[in-house]
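Note that chain A is present in both complexes that follow, paired respectively with chain B and with chain C.
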Partner chain A sequence: MTALTADRAAPAVRRSRRNRLAAMLPAVVVGLPLILFVLFPLAHILGRSFSTPDGFGLANYAAMLGNERFLRITWNSFAVTLVSAAVAIVMAYAFAYAVQRSTMPLRNLFRMIAVLPLFAPSLVQAQGLVLLFGRNGLINRSFGLGIDLYGYWGIVIASVLYVFPYAFLILSAALAVADARIYESAEMLGASKWRAFRTVTLPATRYGLAAAIFVCFTLVITDFGNPMVIGGDYTVLASEVYNQVIGQANFEMGTVIGMVLLIPAAIAAMVEKRVSAKQYALISEHSRPLVPQKDRLRDLALLAVAVLISAAILSIVLVVVFASFVHLWPYRMTFSLRHYAFDVQNGIQPLWNSIYVSVMAAGIGVVAVTAAAYVIEKFPSPAARGLYFLSILPAAVPGMVLGLGYILAFNSPSNPVYAIYGTLVIIAIANVYYYHAHGFLISGTSIKQISGRFDEASATLGGSRRQTFAKVTLPLLFPTLVGIAVFFFMRSMVTLSAVIFLITPNTQVAAVSVLYLQDRGATNQAAAFSVCIIATIMAVLLAVRLLLNAMGHRNVSLIR
Partner chain B sequence: MTLALSHVTKRFGNTVALDDISLTIERGEFICFLGPSGCGKTTLLRIIAGLELAEEGTVTLEDRDLSEVPARHRNFGVVFQSYSLFPNMTAARNVGYGLECRGRPRAEIEARAAEMLRIVALSDHAHKLPSQLSGGQQQRVALARALAPDPEVLLLDEPLSALDAKVRESLRLEIRDLQRRLGITTIMVTHDQEEALTMADRIVVMDTGRIAQIGTARELYDRPASRFVAEFIGRMNVLPVAGGRLAGLPLAVPQGATLIGIRPEDVRLHAGEGPPGRAILPARLTNTIYLGNLAHLVLSVEGIEHEIVAEVPGHACKAIADAPQIGLELPAETIKVLA
Partner chain C sequence: MTDNTRSHRSLYRSLLTGLAFSTAIGLSAAHADAITVYTSYEEDEIAAFLARAKQDMPDLDVNVLRLSTGDLHARILAEASNPQHDVIWGWAVTSLIDPRIGELVEAYTPAGIDRVAEQFRDKDGKWFATTGYMAAFCVNNEVLAAKNLPMPTSWADLLKPEYKGEVVMPNPASSGTGYLMIASIIQMMGEEKGWQYLKDLDANIAQYIKSGSRPCNAASEGEFAIGASFALRAIKNVDEGYPITMVIPAEGAGNELEANALMASSRNKDAAKRFLDWTISDSAVNEYYNWKEIVTVKGGTMPEKFRKAGLPEDIASVMWNMDFAWSAENRGPVLERWQRELER
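Now for the complex of A and B:
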């Protein structure tokens, strides 16, 4: 008996070691593309920033720090970012509060207006502001004024409007859940409404608030589309990267500024992840949802705020739509469809490229983030922890930095990825990995919710892992996967930053066309391209919504 | 179909969840694992199901070692506490799922699912989703699903705890009846002693990862092996004794006994001093809990630290409560030596 046990023990030990290696395998397989398309380009950026004519060294950084212009640009960036983020947060909080916690009319309409800018290319705010307040803008022409918006305030206003919908989504989610019992207790204890807001509402939404602050900070400091269009001579770090790389082909300086940009974005992303991890457990299963009560004065005040902000958002979008339909802005304001003929270089092709890239990014993105989330949940191992880190790492990487990394890493015939370099595929891949963290967190939350018990039930009934996945996990995950696909599609349609360095004359995408046309002064055509992007996204959203409704999935949020 | 556990041990970190559990279950038997939460009963069930691995020991079915066989190849039916019905499938598809995974022909799957739903009286609800069924109905679907692939053993993990009292009682009988008809070996985990007493052939009482006692309901009630079992099943007055005496009164217990128990219904009360020649202690009534058909009288006796609870018929309580003096008798044949 003893001998038998000993004989059996040895293979068991060996088997367990092999099992441990086998358990790592899925994480390694799923992690490889992340290493190739995130870590590898970042390593190239880092390496290049240290490369000087005399070999490796800190010379680039030293040159930068000793350069007064650079220090001024850094200061500019922070001056824009801090002010824009602060203003956007206050506005978004008030708006989200009005939508979630008041009884003002048309709350659903206001909610839709708030997220409308997400359907437009990421520089639409600057585009709209130029049309309204530019030298040839509607206001200056109509009233003979001399408002000069180009520069600091132009960037700040554009940035506030740019990040508003992102902040609104986060804060709206934070304000959506509340425990009525706590508010009743506060009232019974004699707290005034203002006191209840300070002592109950604000603390309960502090994690959402922190997350929104960091998201706004990162978005503004890494945005270059708006500063390019409306910044005038006022340069910020993000537009400086573009100038150095595209304008002067100075990759070394581009990478150094990219690294400088990476640091605050990375810190913000890390703090945000740490903070939002604590977001749960505020609501217990016994809590009773808060139903907003009527309060005329409060509702009226909030309605006024919502109307004002909505007016600002709508006027930006509507003036772009309007400009796309007039003969020649602002000289001949007669109706014309001539800008939709797209008699520019490449014609309408960039829009088709965008759609093609976005569909591809949606497909690849869903598979990539779901595979990562699934492997981390079902095959726990040390490698899975590494995979988790890689999966959320892109949240800290500005799109331009990632795009620049792609040039440096893949623009060499010796690299196997070179085969797709300069094609639409690499643009789709850049978008997938740029937005990887967000998509990954959505699918991870979903997979966690449906995990454990169904797997066990299926296993005891004789289901293999594959059968469980196909028959149970996938059907339950389906609505979330559609949501993630829509997310990748939308962002890929509107983004500039990740793709700006990767496009070629043949692979130009619509959002970049808007930037180029606007830059050349072809305002009307730029507007027409923007309208096409907005229309495409709205059509896709509507089609997906109808499809999901037809399949019985009504409570799926498509706008993230 | 003998199911045998031998020397099963499981640790979670430094805590021992199961400590050297050995147990043999006969074919067709209905066994309950009974114990307070954290005693290891659910872990033991999960090890039998193959959802968790024991560090030491084996699980064998008819001398076939299952220790290394994954859950999906064991052919054990499991009903989970939270039902775990697949929310994307109708009741019928849930029930047919096990056969579907075994690659059976469609006609057979449908016929079997219909048959099982008929057995649990849910034929009318075959095409409903779990969310459209009540808790009791969901649990019956879960039972039908577990039984549909004709499992060797049926495992029930607190199957009734999420249901309200009325449904629970009727499902108890239904499950027991079904189990008898199918003659399937069944293990149920519960923390509810009444559930265990009414359903099981034999009860395994567990305490902190060990088996405290195995026996029929009657054996456990009449001859508890330890203070834990005595107090967990039914009520028990537990009293320390020394040198065979309780408060100076000699008892018919072994000289070395240190702890005895007596059930409240076995305590005999006399209004007055009681019949002479018997061992009777003078007692004082401190509290009366009137329950209608019964009453619990709480008494204190000089020289005994703990109060003693006696159960009397409801109509008898007034006579005793009004008596100027109460005599408390512990009949020798009802005294249980616990340590």
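Now for the complex of A and C:
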């Protein structure tokens, strides 16, 4: 174990000065786009938060932070966020463990179900919860329970479902690889299974756990969709940002809260070093991949957990699919295709635009986040911590704030980025950086598990770092890369918040069509259109699956 | 290795094609006889209006971006340093009166402006309103029957204790519709009585929903008995088949005008003005009547589904005569007080 811990530090020792300079180059290459597409827009937002009628100053902060109401909604936010994040992490860990470390049947199907909420437009989740648990929902109608979902618990339930797939993806990447030798030693030393889990598995996934906690925390605290639909009168920080920016066109106050929401990201960046210092590489040159052994009792228990969670996720989506095929839920429950006669402008053209944007985002996203994670991990430089902060920072930014930042930063003919402003490309880029932290943390979780010894070994054999990357690291990472590309693809197909500020009459995307239908009162048509988006994504995933099979990567699952 | 290089090259090529493709999309918007219009009209309305516009002006390409009133407000302000549009069309007057927006628009008097009564246009000529919407309750008949509740007819009725927990209305801090409701109540009852009414009403409110249309949808789905929303949403939901009744409050319905304006930054002002002239032409007005409950220009006839939902022929008789300048000026203080005293 000690030897493994030393793995990471070894290559960093005794670097010549020239090496150090050379090491800065990758940091610059990775850093520039982050500065351009994350820091620069946020700097504009920051500027707005200081702008007052009497010039530049702290008056907005004083007005907002000194308000007793602000303290109350901050408390509300924390009450929702901490509970939702904790529940989601426990559920996602169990689910990821079941998928990666057990021999239960249908593991690929369970993976697909786990990420289903990622490619269901947010309307589906909200609509599904109301149809099921609303005051006039299926459960109350069938059992006369009188459950009132709206409020604190409504937000918690919706938030858990919302962040579960993100936590699952990170934890699944963390649990995907393991060195069988450690588990064998543990067994030989007489450790119980529980003890092995506590002393081997949990510490080995420390970084993934920390990343998942951070992601769940920031996702819930920046989300205004669930509080708006299901929160009733329960106000949180994110809905206050919405009130200020959209409800009252008061950017100054909205951006003040936006800035306050960045604090968790700053804290996470500060503790990252301590967490990852304790993370040791799981795959080294001697390791043997852990192949889960059959264990009836354990597998049965995990299967039960997976079935329960899947049922919860599926029931919400399926009730919406079902409702989209009836005449008028819940008043006329006869089969009808009338909601599928879309009369939304441009028909299905936005769906093609979305596929185009999403493929682009998948391509750019994989390169961006993997490069960032790789450079930060393998090229230690004084800039590493700054890069890390920029990489995870977008997670703490509400989409609408990022979208505003993009307008403020790039809507100027003197800015080079203006060349792509108003095109689908900027929408793809906005999606990449909006989800940068999530992709980055999945990627980082995997990269950290690959021993630095490979670099050493390959250097001893006269191989360059590039060769190590191409021949060792990349193949080891390949399954994760596929998973990240799929992640960016799925999110870009349905995401709305930042996109709203970047669409033009010529760059309509499918999620906006859903919004249009919903806004004009055609909720059922909006649900039907969402069902079509879900079907499209499944079709694309199937095509990629066949392509991977044809290329001989039968064992690589689309969802890590 | 060769395979690898080839795939790299083709990836590169497809990226380039992608870039070229999207640049082309971006450039096409700059075509001479094309204008970009920002609007908050609903998407089905836009489609019908634009079909008319295309018939009347076949040589003019009208590119429309639709966003909800609040989203559009944020977007226009954020783009203020380099506006991307020529015309504002069908957008809440209360937002248009925002002085920050006022700086961006230019006075223009379209041909035939006399058709629009003076109360529906800016005295400086910066905007004129052709349509509007008004507050209405969506009342779910099934919920009323199940809970044995009477049909409300006015804001005053909503104070009855039997409606406790069955009324939802938009949160005025997040929704323009919510704000027009409380602004109209304060305007018609007076400062003191108005606020007292809002406090009394608060006892019956189940939720202040953060959207103007969702209260009607919630009532339509049977989540609550009464959803305070706007008339068009009620009409559409009745038409969709939901068991709801539209109730226009007897005291008079608060309302909002949807106005049009010319952007000072427009690079194609002739075309933009042509479009603005068209917005008060007979052809456009006739089409408005097919879709909007309030049309400020005479002409056209109300469609059957409006009448069926219970909209009176003489709309003016049920509308409260809003003081829009008051609404815009007092938005800050009213919302601040509302949040302090009533928001939960």
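As a working rule, the second predicted complex is superposed on the first by the 321 of 560 C-alpha atoms of A that agree within 3 Å, B and C clash if a C-alpha of one lies under 4 Å from a C-alpha of the other, contacts with A are read in each partner's own complex, and residues count from 1 in each chain.
Heads up, the rule we're going with is that contacts are C-beta pairs under 8 Å (C-beta built on N, C-alpha and C of every residue); 3 or more make two chains touch, one makes a residue touch a chain.
These figures come from a predicted structure and were not determined experimentally.
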{"item": "Touched partner set for A:458, first chain B, second chain C, both or neither", "value": "first"}
{"item": "Between chain B and chain C, more extensive residue contact with chain A", "value": "C"}
{"item": "Touched partner set for A:232, first chain B, second chain C, both or neither", "value": "second"}
{"item": "Partner chain(s) touched by A:181 [first = chain B, second = chain C, both, neither]", "value": "neither"}
{"item": "Partner chain(s) touched by A:520 [first = chain B, second = chain C, both, neither]", "value": "second"}
{"item": "Partner chain in contact with A:475 - chain B first, chain C second, else both or neither", "value": "first"}
{"item": "Chain B versus chain C as contact partner of A:467, first or second or both or neither", "value": "first"}
{"item": "Residue ranges of chain B in contact with chain A within the complex", "value": "49-51, 70-78, 80, 82, 84-88, 97-98, 100-102, 145-146, 149, 155"}
{"item": "Partner chain C, residues of chain A touching it in the complex", "value": "69, 130, 134-136, 150, 227-229, 232-235, 239, 242-243, 245-249, 251, 327-328, 330-332, 343-345, 356, 360, 363, 400, 404, 407-408, 411-413, 419-425, 500-501, 503-507, 516-517, 519-524"}
{"item": "Chain A-touching residues of chain C, taken from the complex the two chains share", "value": "11, 15, 18-19, 22-23, 25-26, 28-29, 36, 42-47, 63-68, 70-71, 73-75, 77-79, 81-82, 84, 95, 98, 100, 142-143, 171, 173-175, 206-211, 213-214, 217, 221-224, 233, 236-237, 240-243, 331-332, 335, 339-340, 343-344"}
{"item": "Chain B-facing residues of chain A, complex", "value": "453-454, 456-464, 467, 471-472, 475-476"}
